[in-house]
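Following this line, the structures themselves.
Same chain, two partners: chain A is paired with chain B first, then with chain C.
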Partner chain A sequence: MKQVVVHPEKCVGCMQCTVACAVAHSSSRTLYAALLEEPLPRSRIHIGSTRFGRGFPNRCRHCDPAPCMRACLPGAIYRVSEYGTVLVDPDKCINCASCAMACPFGVIRYHEDAWAQPGKTVAVKCDNCLSRQLRGLIPACVEACKSGALGFEEMDRAQRRKTDAVSDTVWSTSGVVLPAAGSIGFELLHAQKKAMVEMAQTSRA
Partner chain B sequence: MNSLRNYDSYSIAQDTRLMLKRAEQESVETVWDRHERQSPHCGFCEMGLSCRICVMGPCRIDPFGEGPQQGVCGADADIIVARNLGRMIAAGAAAHSDHGRDLVEVLEKVAEGKAPGYSIQDANKLRLVAAEYGIEALEREPLAIAKDLAFAMQEDYGTRKKCLQLVDRAPSQRRALWENLGITPRGIDRETSEMMHRTHMGVDNDWVSLLLHGLRNALSDGWGGSMIATDVSDILYGTPMPAFSQVNMGVLKEDMVNILVHGHNPVVSETILQACASPELIALAKEKGAAGINLAGLCCTGNELLMRHGVPMAGNHLCTELALTTGAVEMMIVDYQCIMPAISKVAACFHTKMISTSDKAKFPGMVHREFHPENALELAHGLVREAVENFARRIPERVYIPVEPIPMMAGFSIEAIVKALGGSVTPLIDAIKSGAIRGAVGIVGCNNPKIKQDHGHVTLAKRLIENDILVVDTGCAAVASAKAGLKVPEAAVMAGAGLRSVCQSLGIPPVLHFGSCVDNVRILNLAAALANTLGVDISDLPIAGAAPEWYSEKAVSIGAYFVASGVFTVLGPMPPITGSLNVVKLLTEGLNGVVGAAFAVEPDPEKAAILIKEHIDAKRKALGLGV
Partner chain C sequence: MHHVIIGNGIAGVQAAEAIRHLDPESEISMIAAETFPPYCRPMISLLLEGAVTPDRLPIRPGDFYESRSIRAFPGVRVTAIDSGRARLSLDTGETLAYDRLLIATGADPRAIRAEGKTLAGIFSMRTVSDVQKMLDMLSSCRSALVLGGGLVGFKAAYSLLKRGMAVTMLIASGYPLSMQLDPVSGGIIRDTLVRHGLHVETGVEVTAFEGSGRVQRAILNDGRTLACDLVVVGKGVRPATGFLAGSGIDVDLGIRVDEHLQTTISGVFAAGDVAELTDVVRKRPWINAIWPEAAAQGWIAGLNMAGRSASYQGSLGRNVIRMFDLDIMTAGIVQPQEAAGTTQVLTHLDGNGPIYRRFVLQEDRLVGFTLINRIEKGGMLVSLIQRGLPLDPEEKRLLLL
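Moving on, here comes the complex of A and B:
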């Protein structure tokens, strides 16, 4: 099952994802017509700003177990297991904000929405673009992001890549300060493996 | 009400800090609030990697290398960054030069007798500049000379010339260098127009040649549009001479009709100043219960009035909303450039009337009264009368003027300095040779909410004068150091021993107010005069430029003409170029081998001071002067 994977280190803060998300959740699903809609569509992904002005894409983690789901007394929040997605049923939502209190990430907003009854304020959050996925499209935010901060991939593949990247960073940038492993043979082996990889790379160039 | 925010981190200026608290109480939104709401800024744009030049796009280049590396047309990061920077220079040069054009038009109208509010105040400068243009100036009426000069200057704007006239002021080595590089500016409008052409999709796609034209475009501003603006302003309104005045929001007066002028062009503010002196209007003000009419300035039109008439300054760029928040302003009159469209919203919270005056600059929420040379004086009288009448609508309980004004000295034109030195620049050169003054630095440019207001300007100025480096400043930088008390002769005690004794013997401050942003050309003129006297190029001199808090496209043009003229220039905020390390490298290193100077970027003024000091030491050494 593919999931939206966030790589906050690559977020350039352009907010293209927020525009795409809002449009994907409008009635018309096109940018220009969406601007004329009432209510105006709103994004489910929010770009936070760090102390140094770097962007951070903040969206629903679709937790399991999900604190918001447990906090929702009318039972408006439910899970679609085959898509790993936590959804809000706007008809059952009573706008009590319990889910927002329970959500550790602050990703639930309350407003009118094209997909709820007209005039009703409801809890709104990321729905993993299920309606797009059913049409064979990837989530709108991922499609919009040009810097690679948002990906849509199998979770375990993404975790493996991240593990490799972190390993690489630790070994290549802090290798000098890490204590020696204690076996000269082991160091020798790795020195040789490194030399082979580097040789392969330079000879290609 | 207790403020939740730490306004001390926004500005080093006491008046700004107190007014920000007041703005919060009055629910007045400021530039800092809006800046916060814009964060994070789009990284593509901050790096110069987004292109909106055509509608096959807009395009952006992924700086991490995974996403798109070319726009739809195939432009890569280097091309896109260079094109964007080129267009910033073009916009800045256009702004300064169009301002210059407006002044030339007034000069023309004065010559034709069609501009009742204006006259020739410095006939001597008129003759000197006319002579440079090859216009017969002896034994002729000033108005006849003015007509010819206006015509000749208008030619500088066109396409008939191979080289702008005032380029002749540059040392011959510099002119030869420009000629060899093919960047001698030809026509003021031509270079800007050509930049727009080159950066159209599918024209100049060599980032180096784009940047070289950027330098030429900037030179058409520095040795063209801006230089004309300053010279013609001096001719029409008088060449500045040192005078005392006051600065900060305390220059607004609780018991007077307060009028603020904001913008850049003295064409409007000069007539407002005349109208404010009208006995009839002053009598009316007294009739309305005010003690008189108080005119004060903001930004560069304020600097223009300050330089020539000692009109006090209420503040710099980031003070413009806050000055209105005092509730003590009857009228603000704006012309163009750096006027945030937000200010009329602030005015709407008070009784303040907002007036726009230029045919090319209209603002939401302002009443538009278009100034032309023919009607300016009449309009100015009418506006001042309206301001006086508006005094009755002021709500005294809401007036808050939090500080006492700081004294300052301004008016340092080259002519004034030469006069103070006894008729030539030789004493200044001797002081530089002896090491009493180790060098000179122009601190210029704006405020930018990304940098604690005035911290960049003031810290840098202090560190430089401590090291016996004379500071000349312009624009909002000049207002910053004045607010910090650096522009009085007594401030000489803050300078190193050498600079201190020079300042004390001449009775001048260690930080000299050179005027508005177009007046940066006074710095070029001084540099050229020093270089010519010494028989060296500008790039050989122990001088530098700095724009510690710049924000505007005009500042990009200024920085580029400084560097192209041979002046090492340190920028505070990073321009949008980091998307192309090629462009970064060329601007910060490569240009040294091309024009003998380059840019550096250093937001921390303490570190910028070290960079500049090292640069000046190196230049002194190369000239065989003591380090």
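Moving on, here comes the complex of A and C:
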């Protein structure tokens, strides 16, 4: 199963992925028409900055198990196992923001969306561009990223590469603080730990 | 192996699913005092407000029990547990034997002391049937009185305001949600509610309710009389442990459990609002009666019941509330006097939004926060608290941005 893999060290902060994402989630799916849409489409990938002011493309990790899914009160968040994707059902969402309090990556936003009932504010986050994938395309952010910060890769390959990178960091750099094992919420946080490793690498490099 | 689960709230449901996840074979029975299918309890205030209809409340498909081969006992109450003989007594007069038991009975509303409290029109707000009874009366009600400024009282007041009723809230502290909020954020919330028509009375109590059959007024301890035809009692909850007397199961604040959510009796587990765990920041026994804790604890209890050892390393109080134009999120310790050791409080207030951020640190570790508006990254802060990593000055500065 292929997933979007983030290589934050390559991000130049050009925001091309955010534009591509917003367009991909508009009704018209073209840039110029999207600009005239109501509600104005918004990106589901967000460029954060690390402590040294570098760009960090931040998007839903589709964690398994997903903390947002377990915290969602009406059960609006669900998983499409075949694609390893966690989705929000806009019709079930009650806009309570419990998922904001659960997502360790802060990637969920609340606003109107072309795919929700008009006028209804709902939780919106990355959907792995499922509708594009069903048409044989790769996620829009990956297609737009020219610096190689976003890749669409087989997960086990990406995992292996990350593991190597982590062990390199651990053995070559003194003072790197990796998250403690056995933290709260047990396996809920496995995905979070993985991302922390990612972040520890970028922010303390 | 026969697994028996008492309660079909989120903790019970997650436990049943965890057991089935690992073990498609063994027998599962679920006993629940309520007859409604598993539903989203927090949404009952939306039902009161009129934002949703009852068909939106169920959290699982209609065939939940059948599809998972669960034997359901709806509308049945457990009256006693004989842990020596591994048997339950039911209010139907029957008994039921178990191999593994989960107590996920949630909480009951705290009662009040006032004369006339059994008059019609006086409610607590815990179950869907509480709200359905309120709705039946609503058309004949004009002014409501809400006792208590905790989460449930607050949500009741908000829903009734939205229904266009005149609402008075009586609270002991100066602002609603004083257990969750510091005075600055509490004040912002009180002012917002007042601006939208809520009437707040502080430092008074009801001594009696009067009316002929149905409540018409409340008598306060300062001698005043308040007209009201609907009363919601929101004085907090306490774990539903009444039926445990003589069971041998140790109850302190709630049912005491170890990190596997097992009670002091082997094979008997507890999870959710009824269970007492160690609070991760207070480092002492505590009950954090919130949905995500109940869900996660139910899941972990279920894994352990099905034989896979999984541990839970502490609970963390947290809440998010959206009302009018405010988003409010809090977690952990908000009142620093609770804090031990070297405590530091960082705040940032931008009055126009308003945007307010307040962080409580102990020995350079984040132990609590309050956010008003811009709450999207709250989950990151929650995980910072849960991981308990020390922060350096630069990281602390970043918190406030």
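The working rule: the second predicted complex is superposed on the first by the 160 of 205 C-alpha atoms of A that agree within 3 Å, B and C clash if a C-alpha of one lies under 4 Å from a C-alpha of the other, contacts with A are read in each partner's own complex, and residues count from 1 in each chain.
One rule holds for everything that comes next: a residue touches a chain if its C-beta (ideal position, glycine included) is under 8 Å from a C-beta of that chain, and two chains touch if they have at least 3 such contacts.
Values in this document were obtained by computation on a predicted structure and should not be read as measured data.
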First (chain B), second (chain C), both or neither touched by A:S147: first
Touching partner for A:I138 - first (chain B), second (chain C), both, neither: neither
First (chain B), second (chain C), both or neither touched by A:M15: first
Partner chain(s) touched by A:I47 [first = chain B, second = chain C, both, neither]: first
More chain A residues in contact [chain B versus chain C]: C
First (chain B), second (chain C), both or neither touched by A:G55: first
List of chain B residues in touch with chain A within their complex: 39-47, 50, 60, 62-64, 66-68
Residue ranges of chain C touching chain A (in the complex, touch as defined): 14, 40, 42-43, 46, 51-52, 56-57, 59-60, 280, 291-292, 295-296, 299-300, 310-314, 316, 318-320, 322, 327, 329, 331, 375-380, 382-383, 386-389, 394-395, 398
List of chain A residues in touch with chain B within their complex: 10-15, 47, 49-50, 53-55, 146-148
Residue ranges of chain A in contact with chain C within the complex: 51, 67-68, 70-71, 73-75, 92, 94-106, 108-110, 177, 179-180, 182-189, 192, 196
